[in-house]
Amino acid sequence: MSKDKDALVEQVMGELLKKGISLKDKNQSNASGGFEMNDFLNSTSVVPEFVGTREIGDTIGMCIPSVDPTLLDQLHITKRYSVLGILSARSGAGPHIMAMDEAVKATNTEVIDIELPRDTKGGAGHGSLILIGGYDPSDVRSAINVALDNLSRTFGDVYNSAAGHLELQFTARASGACHMAFGAPEGKAYGLICGAPSGIGVVMADTAIKTAGVNVLSFASPAHGTSFSNEGMVHISGDSGAVRQAVMAGREVGLKLLAQLGEKPVNDFPSYIK
Amino acid sequence: MSKDKDALVEQVMGELLKKGISLKDKNQSNASGGFEMNDFLNSTSVVPEFVGTREIGDTIGMCIPSVDPTLLDQLHITKRYSVLGILSARSGAGPHIMAMDEAVKATNTEVIDIELPRDTKGGAGHGSLILIGGYDPSDVRSAINVALDNLSRTFGDVYNSAAGHLELQFTARASGACHMAFGAPEGKAYGLICGAPSGIGVVMADTAIKTAGVNVLSFASPAHGTSFSNEGMVHISGDSGAVRQAVMAGREVGLKLLAQLGEKPVNDFPSYIK
Amino acid sequence: MSKDKDALVEQVMGELLKKGISLKDKNQSNASGGFEMNDFLNSTSVVPEFVGTREIGDTIGMCIPSVDPTLLDQLHITKRYSVLGILSARSGAGPHIMAMDEAVKATNTEVIDIELPRDTKGGAGHGSLILIGGYDPSDVRSAINVALDNLSRTFGDVYNSAAGHLELQFTARASGACHMAFGAPEGKAYGLICGAPSGIGVVMADTAIKTAGVNVLSFASPAHGTSFSNEGMVHISGDSGAVRQAVMAGREVGLKLLAQLGEKPVNDFPSYIK
């Protein structure tokens, strides 16, 4: 670069700094106290328990082929299995539960624990920790892969804006994950209608229930049925067509209300509830 | 723009990118996977339940003129009303509770639920979900509007810095919202003295209580009386002058302590406790 | 600055704004509604309760030489002391508990309360509020200073990335803080192995336990033994060499797994577990 250009860039940089924009050099972290993890890595090979990741929700899937029995004693699981599957994410509870619902339907595995951290990295909702058990490591790895692959579908009706989010889920036939997490009757249609901030979820629920004849399983709110997330969500069950219609009605009113708080909410993947 | 200028801007942009500043084109989100909600909106008109919003705290107010009875069964309310008012926010519990306290005093409505999500969008405190009931939709809408209008006052003694926040509240005559949320005796003066990180609230409380003869209703901390927020807060009651004096003493020591963690804390609206 | 240069900078600024970068003037906050706290400060002197701060974790240490008895009644402490020490932080529970463990060993003080807010400013973990009691203010201030000084050590094996974090802790001889917070037997070696998102902690725990013969005290996860944080962590006790070996094995697998979610995790201070 010529001297003149350098001077110019220097000047612009100086001007930006005055305006409050701080420039962080890409290599700065290492030079100023960032200690690399490499010291502790014997090799760069991935650990055998690793199954896969998805960028959406910072999701990681793993499988332990033979869990240590003393650890198994300390886990909060509904049934002991020595082969353990793990789906874990920073953002997203509904999407991961729905994805795992498909996975246990498709494989010889069972959901044995669902825990919902208050997370979403500063957002209004949950992350998730889902444990499944099986008899064969290949079954369990397969289930985790099915769940990971389903996330681009089950995130389809998650709509985000700076002020909050909406989540809609629907299945014509609920299985073990929906049953454990939401009390959904297995084999029947199930729908989730959720809005954040939580008050939006109250209006969405009211609209949804009035739209079609469905069974209201429960209503979760910051102090009841959530991990203090800022969500209002109704769980519904019943006839497949009615549940779907109710979910879509809740979505319509939710999108309008959340848009009142600023930007239009957008989804990262195409909507799947039509 | 001339070719030369274009080249120059290109060069500066390139330099910024090297320095780690990523430039996001305003229209990029739609082009790269952001699916617009418009598909699901039959019209752009606002839903009838909508009452209003305030930018502070990402606050939305709504009113359901006739709640579905099956939803009412699932809500956690102290009394059944068919007309429901909703005040919901991402950031702010005290300010919304104090604002609603004024609203129920001014209208024929009643607070029937207060829930505090752990929120503030990555901050140290709570958001809020407040439900009120009434017999007449116009009463309830009016109450929600009174609450929304009070927020610029009740946020007046909320002080934020990058490291934490302080909140001070005072009323000469507590009503239903303060009673339900904080155990404040109705009709008497009530004060809230809160600091985050929570240890600051301990010292603020000690100073406040020593300053004037007040009744200590309770002390809330991360594991007791909060939704795991990082706040220490004391609730006090008693003679109006003493409560006000105690609140102001707590504020003074809190501002000094929080400032030790970096920047000076600032409020978004003028202080109202004088 | 010459006219030409001004025009150029203006042009670049305009271009940046079009690209979505907003420039905030450093002095803007005061001019546009930021009310300075100075109005309420009688002086700029620090309050006598203040002991010190550390930038890491937004940590503040304080000491109340003679707590108000009515406040003492409302605190959730295991034993009444009139001299109160306070260690409070936005980010970090393990590091502060381990640091306080050293502090109570080194001074005539006792841990009387440990509370873990769900915090880390949008991260996956906890902040902390730790109260200690003593008979002499100088003992308590000394303990708080010892704890503050230990943080650069106890943060040494906290590794962060955009997707999550890992935390490893080890002591050859656990004291009162580890006992109260984690159920560690006093006087014996104790180790903490933690990963976030929480599923990573499950695999770290399994690997650690299989590596060496240790006692598994408990496993904490989002719904059990945490404040809904997105962490999986195992608490172990036993022979010093075995505990250390287990912790290091957990660290190795954790670093590999978390790195699968994007960047390599880095620590802010040098690792102390070797």
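A, B and C label the chains in the order they appear, each numbered from 1.
Basically, contacts are C-beta pairs under 8 Å (C-beta built on N, C-alpha and C of every residue); 3 or more make two chains touch, one makes a residue touch a chain.
Please read these numbers as outputs of a predicted model, since none were measured by experiment.
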Subunit B turns onto subunit C (C-alpha superposition, degrees, nearest 5) by 120
Interface composition of copies subunit A and subunit B: same or different, split at half: different
Report the inter-chain centroid distance for subunit A and subunit B in whole angstrom, where each centroid is the mean of the CA atoms. 26
Identify all positions of subunit C at which a residue touches two or more other chains, and write them in rising order. 8, 12, 21, 118, 121-122, 228
Would you mind writing out the residues of subunit A in touch with subunit C in their complex? 8, 11-12, 15-16, 18-21, 29-30, 33-42, 46-47, 49-50, 53, 58, 60, 62, 64, 67-68, 70-71, 73-76, 84, 86-90, 115-119, 121-122, 127, 129, 131, 227-228
Show which residues of subunit A lie in contact with subunit B when the two form their complex. 5, 8-9, 12-13, 21, 23-26, 118, 121-124, 159, 163-164, 196-200, 202-203, 205-207, 209-210, 216, 218-219, 221-224, 226, 228-232, 234, 248, 251-253, 255-257, 259-262, 264-271
